[in-house]
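Mind looking over this structure? Questions follow.
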Amino acid sequence: MSASPILRAAVIAACSAAVSCTGSHHMLDGAGEHARRVAELWWLMFGVLAVVYVLVCAAIVAAVVRGRRSPADLRMVAASPAQERRMIITVSATVAATAVILFAFLVATYSTSDALSSLARTPADVTIKITGQQWWWDVEYQDPVPSNTVTTANLMHIPVGRTVQLILVSADVIHSFWVPNLAGKKDLIPGHQNTMWLKAERTGRFEGLCGEFCGLQHANMRLTVVVQSEQDYQAWLQSQRLAAAEPSGDLERRGREVFVRGPCVMCHSIRGTDAAGFVAPDLTHVASRPRIGSTVPNTREHLLRWVRDSQEIKPGNRMPPLALSHEDLDAVVAYLETLK
Amino acid sequence: MLCALAAPGCKREERAFRVEPPQAAIAVGTRLTSLQPGTPLPARSQENEYEKNAFAMNEGKRLFQWYNCSGCHAMGGGGMGPALMDDKWIYGSSPDQIFSTVVEGRPNGMPSFGGKIPNFQVWQIAAYVRSLSGNVDQIAAPTRNDNMHVKTQEQSAEKVAPADSAPPPPQ
Amino acid sequence: MSTRDQIDVSVLPRFTFGPRGLMWWGVASFLAIESTMLGICLVSYYYLRDRAFEWPLAPTMLPDLLAPTVGLLVLLISVLPMLYTERAAKRLDTAATIRGHVACVAIGLLIIAARVWEFRGLHVGWDTNVYGSVVWIIIGVHSYHLFTEVMETTVLGLLFMLGHTHPKLFVDATDNALYWYFIVIIWVPCYVTLFLVPRLG
Amino acid sequence: MRPAPRGSGPSEPAARTAEEASLHQELQETWSRDPGLRGWLASNDHKDIGRRFIVTALIFFVLGGLLAFLMRLQLAHPNGTVLGPDLYNQIFTMHGTTMMFLFAIPVMEAVGIYLVPLMVGTRAIAFPRLASFSYWIFLFGGVALYTFFFLNIGPDAGWFMYTPLSGPEFSPGKRVDIWSQLINFTEISALSASIELIVTTFKLRAPGMSINRIPLLVWAMLVTSFMVVFAMPSVMTASLFLTTDRLVGTHFYNAAEGGDPLLWQHVFWFFAHPEVYIIFVPATGFVSSILPAFTRRPVFGYTALVLSLIATVFIGFGLWVHHMFATGIPQLGASFFTAATMMIAIPSGIQVFCWIASIWSGNLRLRTPMLFVLGFLFLFVLGGLSGVMQASVPLDLQVHDTYFVVAHFHYVLIGGAVFPLFGALYFWFPKVTGRMPGEKMGKLSFALMFVGFNLTFFPMHVLGLEGMPRRVYTYLPETGWAGENLLATIGAITLATGFLVTLVNAWWSIRHGAPAGENPWDADTLEWTTPSPPPAYNFLHVPVVDSREPGWTRTSASPIVTGVRSDCREVLLTSLDAEPDSLMELPNPSIWPMVTAMAAGTTFVLACFTPWAVPIGTVLGGIGLIGWAWPKSEDDECEPPRVEDMSEQEKKEGAPRVRL
């Protein structure tokens, strides 16, 4: 195990260097209680099994070297009874050692599972309902006051150090909620309601992914998790509770008109307007989200491409290509950009 | 036997995500014929290629609910709006007539979806609507959904020959 | 003539009944497969029942009890002519074997008739809800076996009547009896599951 | 190497008495298949069938490999544009389906069909017509699946076909229907093969081959066959439910009507986890057969190895839920399955340690088959250890459905099964073809495969830890996954080259390899005591086995069985402890199994399109089966006489040819 801290540092350094520009998604770089404990279990098992593997390989090599005493000699070899007995003892001992190691792993596993399930017994500070859809995440912050309920898509802000309860349901097929830095997977299954608990231990931006194959765009079903201080989190929540702001410029106003009178309204909703479609992401604060269609970064250029023909970016997704006129397109994009 | 299946097979399963601009254009109403300039579909007004394509009809079925057609027509059995699985077609049963009905709207409650839905999706919905009365390629028609069982699946729908009836006088 | 040790096997029998022969093992393996399949159907039934709030699922009514009970009794009684047939075949008694087959086919047709009656008393379609689906599939799989077995017994009986009286066919007749017993025995848990368990509440 | 003349028949043993020569002539006439195409189609010789089976499965292996190669091309770079999501999903589904159902299981069964009758010392496989049927239905199923794939009707919901994604609402069209029907083809094939192997092992062993003398490969095949018998019905049931859900509107997996998508996962994995052992256990049999020849000693720990195999079966059926830890099953259940999963490492460990001990105490010769065995040890142990990690629920929740798992199961399936299989192909190549495989090309192939394999799959462990999920058709540049993916693609090219070298080697060696003789490796099992390739009748004299290593101990003076007719297809049946028990005539070659397979195939395909397929299929299948089982009309002296012509004593004794 002495090599493992160095190895561990090297692995994490290499990986975080590669992903530092966006959110991280390395499961050993634990930023939540769950992931951290699992990483500890991982390093324990990895250390022991690495030693075991080296020993077994050494035994194979030693056997080959010893076995090649006289390769040209085709005679049968017969081990002496004493030698056979020694081999029986050796093999039995190694099998026993295997059993002991496995038993130790079992104990380690149970104790980790136990520690993790204790999180579920603490009262939740935040409850979020996550609905998996082909191929995006609907994230709903539940609140006793219905008007305080916040709905967002492919984005989840959580406060650091607090217990977050996730209620996981699916609107169509099986998905699996997975933010590697925070915790292991939990499936979203039609007809079942699953619950999981998170406790983030440091702030940062982390990438979530769909862990269960769910059709054409399984690869691009992402979720960004932003872990913030309690204060920042509350500020964010407050801002999300607001309805969409009244657009200021003419272009933006025209954009809203196109949105509300045109095809967008069939599926999307923007609180504070007449748009109340319920089958696609809520766009009330779309400009504050990191990605468009959980695929490309949220820039004006990408937004333009997405609205014009999202199939080019995420083929098979449910948003039809919209042959809007250039003017309408510019206006809609300008309007969406105001929805901070 | 495999050869016999081959020819329609390819088309029946095709999944087209990118559609050409005329089809992607938002459908606009007040047109008495669906023969739109530059539109490859339908070649003849009586034909809708999507009636042979399983994926497109399944999309039509999804959109039928997403766009809340089921709000009035229920699952095809009718409610506030007329039933879609019987032989009565007030405004015509051909694909282009259904297309116009969706896009232009009709008196007595059918709203116009012109300006809201792209052409190709209207054709997908039209294909699905005709599957309710068994008037499409049955092998490609949708089967049951993962929801409450309220009617026979489209693939097993009895074919009902359309008996077009005249539109009722405006009230 | 070579000098090596030899075991002369020409004194051994050229046909044997039961597990001494090949066919018995083939049929037994096949029955193991089919039992597993029906077993998994039954386990699925209990799994689905366990998940449901009420069973049968609303608005389904309980299945009729009379028809399946009569069916079960006829099925159980059918073991007797099959035992008779099996014994006759083991004695290589052609006439009795033919009589046995005729009786078995007759009672088999009776069972099929009872089965049709049972389907009418289920009060549920396979596409009504999952209760209907799993009930239909269990009865369906069993009925398919039943139908196949009656057909097989018919063909065997016809072969005997056509004068195929080789010992091999008598061995086949006893292995066919094994299949028949399987169909009877496996129906008992199916019957209990489908018709009695829902009545337990 | 001296090129031998082409087309030479079975190599003749050096010394053969006149008596033996005439016996050979007579047996050859009795057991050979009829000439011509019809004879070829009708053949029920287990060696013909096994050979066809192996070649067909290898062709599917190449096809599945090409599909994998396309996927590696797509994933070599972020935002790859080689394949779109629709095609990628079809391809990865076809890859998994091909490798599992059209390659791995069939090829293992096929080797069993070829070798088991030879290894137990009998003239033919039990139920030879069923063997023929199992090949044809496998062939039709595989060909039909690929035909539909090329018609853009390839299944696209993953080889695991999770509902409701594979259900009627989310998989429109016939793609999934075709999959679930064609899966049934290969299952029927595997089930038939299992029945043949079980009955052959139980009833057709040569006298003296008692339980403790059964070769380890035969044990492995027996154990595998039992797993098939109890696992395959499970997936047949699951796919029957799926088919009726999709075609006639049942609700097994529809949560809104009381069904449950998890029912699929339980029933599917109850099959699909044992399936891994169905693939792996025969491979252990190959290893245990190859080792004695190249270590010059019997395998160490025969009893321990047999008991490990049996333990694997029992534990193997208690693991399926470890594929479902993320579905939210109760913790107590998860703990049980964790313990069971860890426990299965013990029998595997025992086997590995016994093999290492054999090498240690033996006199090693590093020929190509042995190299594959050594490669297997290195790779399988690594795959097994990463498997132990996944038994741990918290850890599994992280690595589940990531590339870590992809790496793990390729280590245990390619490392643990394909390497031994290639070892076996080299090992038995001289027995099957009568010629030696090229040693240099064999070693080159091994080196390329070993290096390429590790290059391809080792980086996937890291990709998994970095959070790359399985079954994604693309990934973004900012994920940082590009390096390992490119490395994996380069490795895949190397690995493919390694496979190719073996194919070229086989092609060349069949034509130009040195003649092999009976026992070129000086191996220890019975099949090496008959000429290469074995004659249609397998053994001139049915042997009497007097040790566990008949290949080493039998001489021309060893005991034999006489009195089995040479002018009839007669085989000797033995009791469970291998005492001679009775004689039986096996059926002639027949075209009917193929006809029945065609009828069944047509039915399955047709059933996707119309429910009328069920009655039509019943009638067609019934005709096929009646033709298959129709008794010979003319009286035949091979059979016991009609009952009317038998005396009472004959009836009692089973009409022996010679009365005591």
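Letters are used for the chains, namely A, B, C and D, taken in the order the chains are written, and counting of residues starts over at 1 for each.
In this section, a residue touches a chain if its C-beta (ideal position, glycine included) is under 8 Å from a C-beta of that chain, and two chains touch if they have at least 3 such contacts.
The shown structure was predicted, so the numbers you read here are calculated from the model rather than taken from an experiment.
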item	value
Pair joined by more contacting C-beta pairs (A-D or B-C)	A-D
Distance from chain C to chain A - Cα centre to Cα centre, in angstrom	52
For chain A paired with chain B, centre-to-centre distance based on mean C-alpha positions, whole Å	39
Cα-centroid distance, chain B relative to chain C, in whole angstrom	48
Per-residue overlap in chain D, given as positions that touch at least 2 other chains	86, 164, 169-170, 245, 248-249, 251, 254-257, 259-260
Shared interface positions of chain C, touching two or more other chains	127-129
Chain B residues counted as touching two or more neighbouring chains	15, 17, 144, 146, 149, 152-153
Touch relationships between chains, expressed as pairs	A-B, A-D, B-C, B-D, C-D
Footprint of chain A on chain B - complex, ascending	15, 17-19, 21, 24-26, 66-67, 115-118, 120-121, 146
Partner chain C, residues of chain D touching it in the complex	17, 19, 126-127, 130, 191, 194-195, 198-199, 202-203, 207, 229-230, 232-234, 236-237, 240-241, 244-245, 248-252, 254, 257-260, 263, 266-267, 270, 544, 556-564, 572-573, 575, 580-585, 622, 626, 631, 639-640, 642-644, 646, 651, 653-660
Chain D-touching residues of chain C, taken from the complex the two chains share	1-16, 20-22, 25-26, 29-30, 32-34, 36-37, 40-41, 44, 47-48, 51-52, 57, 91-92, 94, 126-134, 136-137, 151, 155, 159, 164-170
Of all residues in chain A, those that touch chain B in their complex	172, 190, 261-263, 265-267, 279, 309, 311-312, 315-316, 320-324
Chain D-touching residues of chain A, taken from the complex the two chains share	11, 15, 18-19, 21-22, 25-28, 34-35, 37-38, 41-42, 45-46, 49, 52-53, 56-57, 59-60, 62-64, 66-71, 73-79, 83-84, 87-88, 90-91, 94-95, 98-99, 102, 105-106, 108-110, 112-113, 116-117, 134, 172-174, 176, 178, 180, 183-187, 189-192, 194-195, 207, 209-220, 295, 315-316
